[in-house]
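Sharing a structure, written as structure tokens. Questions coming.
Chain naming follows the written order as A, B, C, D, E and F, and within any one chain the residues start at number 1.
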Amino acid sequence: MSNRILVINPNRNEQVTEAMDRALDPFRGENCPTIDCITLREGPLGIESQSDADAAAPLVYRTVYENESNADAFVIACYSDPGLRAARELTSKPVFGIAEAGLSTAIMMGGRIGVISILENAVERHFSYAKSLSLDSRIVADVPIGLSVAELADEEIVTVKMLDAGYRLRRDFGANVIVLGCAGMARYRQALEEKNGIPVIDPTQAAVAAAVSALRLKISVSR
Amino acid sequence: MSNRILVINPNRNEQVTEAMDRALDPFRGENCPTIDCITLREGPLGIESQSDADAAAPLVYRTVYENESNADAFVIACYSDPGLRAARELTSKPVFGIAEAGLSTAIMMGGRIGVISILENAVERHFSYAKSLSLDSRIVADVPIGLSVAELADEEIVTVKMLDAGYRLRRDFGANVIVLGCAGMARYRQALEEKNGIPVIDPTQAAVAAAVSALRLKISVSR
Amino acid sequence: MSNRILVINPNRNEQVTEAMDRALDPFRGENCPTIDCITLREGPLGIESQSDADAAAPLVYRTVYENESNADAFVIACYSDPGLRAARELTSKPVFGIAEAGLSTAIMMGGRIGVISILENAVERHFSYAKSLSLDSRIVADVPIGLSVAELADEEIVTVKMLDAGYRLRRDFGANVIVLGCAGMARYRQALEEKNGIPVIDPTQAAVAAAVSALRLKISVSR
Amino acid sequence: MSNRILVINPNRNEQVTEAMDRALDPFRGENCPTIDCITLREGPLGIESQSDADAAAPLVYRTVYENESNADAFVIACYSDPGLRAARELTSKPVFGIAEAGLSTAIMMGGRIGVISILENAVERHFSYAKSLSLDSRIVADVPIGLSVAELADEEIVTVKMLDAGYRLRRDFGANVIVLGCAGMARYRQALEEKNGIPVIDPTQAAVAAAVSALRLKISVSR
Amino acid sequence: MSNRILVINPNRNEQVTEAMDRALDPFRGENCPTIDCITLREGPLGIESQSDADAAAPLVYRTVYENESNADAFVIACYSDPGLRAARELTSKPVFGIAEAGLSTAIMMGGRIGVISILENAVERHFSYAKSLSLDSRIVADVPIGLSVAELADEEIVTVKMLDAGYRLRRDFGANVIVLGCAGMARYRQALEEKNGIPVIDPTQAAVAAAVSALRLKISVSR
Amino acid sequence: MSNRILVINPNRNEQVTEAMDRALDPFRGENCPTIDCITLREGPLGIESQSDADAAAPLVYRTVYENESNADAFVIACYSDPGLRAARELTSKPVFGIAEAGLSTAIMMGGRIGVISILENAVERHFSYAKSLSLDSRIVADVPIGLSVAELADEEIVTVKMLDAGYRLRRDFGANVIVLGCAGMARYRQALEEKNGIPVIDPTQAAVAAAVSALRLKISVSR
């Protein structure tokens, strides 16, 4: 298996790209596809609003289009899935969005999904998108931690806020599985799962897992 | 009332802009707001795919942002509502999308809404968007006529196809109100309504009507 | 445009009729349709129960029927929309109900709709009706202020209670648009919007706006 | 058990009242409550439109109110359930509507409910009501036979049309239980069930069964 | 009427069987069907988990199958309805499950249904089942009392906990009808209804009532 | 990675087990978990009814329980997911059901899911289960081919029927992804995908893929 999966971070924050890259190590090894993570240099600093997501979408689908011949599957690593449907129009290679993949994976892990978001204004955007996928009724709550993507690098404060959000999702809303609502939260997955005691899905991992499987199974997606 | 409503056609088809401009004449007159329709020069030829819609979105919200000081309300005149939510983040003036406004208006005109689209691939895009608005369960069918935006100028063939789509919506799906699923269909509204016998909503008219009312009522939308 | 819109207050409270009449002034002027508000002398004192709504319904649709030749559009100004569907059977002129119109308008103003009701028992009635319209999933809460229609005249106490209800809708339920759940609340719209900072819809204004637009556009509703 | 159930036929068609009275014989006998069927003299000839239903509602709830002291449970025998919620406000005795009871009973008889209606215009009215009860998603289709309530007396033609509707519900829509969508169809229940091979619910029987059970169990409904 | 209804308690707790037997006395008398309650000797001690429900299901449907010739209707008296759909495949006699029947009956008693469960883990199981029946949107909450089936025999502590759960359902969630979410709660129905002031449905009574009615009406269920 | 995934075929048809075993080869290789497929000797011949599924469920969850110490993840390879929720109560290792996994995977492959079933009676069972997972609204149709599990071995006739079902799903219902509704259909996946031109999901492959990913990521599922 000498395939290549291209993971696109639509924001231009290299730290986010590096952290997600490390989180994808479990998928690497002999007989495994190559997984390369790239940063969109022209992307917004963080995708923290609908304008950011809208700005990123054309950059993302063009990147997919331009790389069609040198990748076998694509992952769009932003929880707003910017450009996902457009990219699918432009390539016959499989394309995965991390919000769609994170929720689809969570369905198999628990009946009541909780989401942790960065900023308050993400909640309605996430919910509206989940409705468009008909997956909203599985989500019991979406709790924001009130930090920007850039602020996700401060491990101490973020850890506290993520644990608090996880605790509220479990206790106040009965969540039994959590999806991280931002690609930049990857480094906090394990600690949250260990402390909170319910499965935690890093959506970038979920999307890459789906890409790996699609490549193994040679599932055709010529739409 | 000396307000100004800026209607933005996100595609660069001037014929579409001219036809929608004519369709807005009923809202003009003394004591009425000024209604100006503009064409996005850099926009796609027609918005006929998700890529087109994604490409248009940043152009649209930037146009809203740049015109904030010289307009009192905005209408995004494409049935995919590109850039609608982003534009709302960037201005405290009311912004209306024609899909959202067309469906909201149709709710008051009939219990079973039929939509007429241009191309087959619009159907799933429309339905997904209607789900994100929680308005999908009022829509009984979305029938495409199989023509591009540019082809909407050929009145003879379009008229036949629109009447056929309207007839199918009414007879096969029980629609009792129709929403035109493209800003470029404005010129066919009246004929379709007369021949088919059920109300037909031109969504650009619906959105401009909503804008006129919001201005009259001075409804604040500072989000 | 020399059309006439007949606004029917189904309760016999003249104060309510007068207040709604004043609230409709923004729709008046040269080139505007005549808007006349009438009080149903035989109607209940206030529509505060299902029995009141059921008692009003035949009075309303008969009034529409009897006035068919001297009005061009009708508005039923009670948030239970009594007689709305029946009236539509009896005339080919457009008929609008304020609950349907208020919710349809709110859809364009915010993703999360809050409703303010008069009495506790209105909540289930409103919700059941919203379900029949498939609009319930957009409503995040319906908060009653615990006052009868007659008591809505006491501006001091009502203002306090309305502000409190609006605050709860925004803070506890995340509403970003409010619909007044009673025609008698018209006079409090502006203060609530100014103090609460999110758009507030007076449903009678919303329905009259829809009527004005339908007349301008000459939309046929021959069902 | 010396209780009395009052069954109210809201239309003034005595033939309908007589037929439903005969269909209730299985509930009569020693130790059984008295079941009396009455005809509303002032009611419409048949309830064939929303105006008919709205006209009947106040007659129905007043009849319940006036008979509170001489009945222990009430059944409103029209498939539009006119006056049902209002009647429940006016008495602490249990009140049943035949549409609500027919659907609730059908839920236990099959996963896919078909409804047979009289006239085409009943379909949207029925569906809107089922939505208000959150029971619409169990209904696979509502097929009208195109006859008025009065015409239901012509057994030959009605039998043919009912069998045809039942056949379509089963074959085209996969219904595995049928609810008769009009009190006047009672006399055709048995033949339809025998010929069609799936359970057929006469909703008046279903509502009276619910009333009998509530009386046996002394379930309190003081709301 | 010399029919026989066989009520099957799928757990092997004789106390539960005896209590439900007493609760069915209102359905007994001259002209009434015989109602026999049996205990499944090989059943689990209580059905308190999905494993318990899965273990019971084959025992239940085999019992129905083996008793086809000596009963005219069957009731499965466990709120997880184990074996219900399988039993229906194996007999042409009507079979009722108490969860399905309890919810169907509650629909006629109130718009907002509250459920009282035994253990916390029942809540998701119940909700998942209600979704499979499309009845979940009528349920406002499911409150567990934290006791096992065996512990339901301790009347003092159970009474307190049931009253508390009922109070919370009514006050915090606005329930206006309660369904007991366990066959073993039968003996507490009356006290809860009297103290709480809203109707309380014992689902075993509801299912037996449905069986009695089906037998009276000779409704065929040959699937 | 020296983990072991135990795939349980709940029916006793060895041919089905062998075919699914072959279909899992793409997941085997160095650095890959061991994947062992076992046949439940006491299981039904095929799971073709609710009784079959109910009979299999306890066998399945006991097999999971007994193998807890010698497997790291479990897959239940029957499209009714018998014993899935019970098994999850009994082990802290991840357990996947192929229906849940097949649908969750299809969500990422297309907006409109079609299912191919064996027998007609599977359709309602599948739909009811999909509702319990809140995934039903993504499924556009479930088309049965009218063959038993045993008959799936006759490649000639099955191929024809599967292609026909796939064609109908795509053309008549607009499906853009297909899920095979039976573990025994694995050998037909590739041909169907090639001929029909839209992605086809073998649900056993989907569930094993999910298990492989969960093991790689060490996601904890201690519930």
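By our rule, a contact is a pair of C-beta atoms (placed from the backbone, for glycine too) under 8 Å apart; a residue touches a chain by one contact, two chains touch by 3 or more.
Computed from a predicted model, the values in this text were never measured in an experiment.
Peer 1: Tell me the fewest steps from subunit B to subunit D, where a step is a jump to a chain it touches.
Peer 2: 1
Peer 1: Both subunit A and subunit E are touched by which chains?
Peer 2: Both-contact set = C, F.
Peer 1: Given that subunit D and subunit E are copies and touch, would you call their interface same or different according to whether over half of its residue numbers are shared?
Peer 2: Mostly the same residues.
Peer 1: Where among B-D, D-E or A-E does the A-F interface show up again, with more than half of the contact pairs the same?
Peer 2: D-E
Peer 1: Which pair, A-C or A-B, has more C-beta contacts?
Peer 2: If we tally the C-beta pairs in contact for A-C and A-B, the bigger total goes to A-B.
Peer 1: So what's the Cα centroid distance for subunit B and subunit E, whole Å?
Peer 2: The answer is 52 Å.
Peer 1: With chain centres defined as C-alpha means, what is the inter-centre distance between subunit E and subunit F in Å?
Peer 2: 32
Peer 1: Which residues of subunit E are in contact with two or more other chains?
Peer 2: 128, 133-134, 176
Peer 1: Going by the touch rule stated at the top, which chains touch which?
Peer 2: Touch list across chains, by label: A-B, A-C, A-E, A-F, B-C, B-D, B-F, C-D, C-E, D-E, D-F, E-F.
Peer 1: Per the contact definition, I'd like the list of subunit B residues that touch subunit C in the complex.
Peer 2: Contacts found on subunit B: 1, 26-27, 29-32, 94, 96, 100-101, 103-105, 107-110, 133-135, 137-138, 176, 193-194, 197-202, 205-206, 209-210, 212-213, 216-223.
Peer 1: Can you name the residues of subunit A that touch subunit C in the complex?
Peer 2: Listed in rising order, the residues are 123-124, 128.
Peer 1: Flag every residue of subunit D that touches subunit F in the complex, lowest number first.
Peer 2: Contact set of subunit D toward subunit F: 111-112, 174, 176.
Peer 1: Taking the touch rule as given, give the residues of subunit B at its contact with subunit A in the complex, in rising order.
Peer 2: Subunit B residues touching subunit A: 49-51, 53-55, 57-58, 61, 82-83, 85-86, 88-90, 121, 125, 128-129, 131-134.
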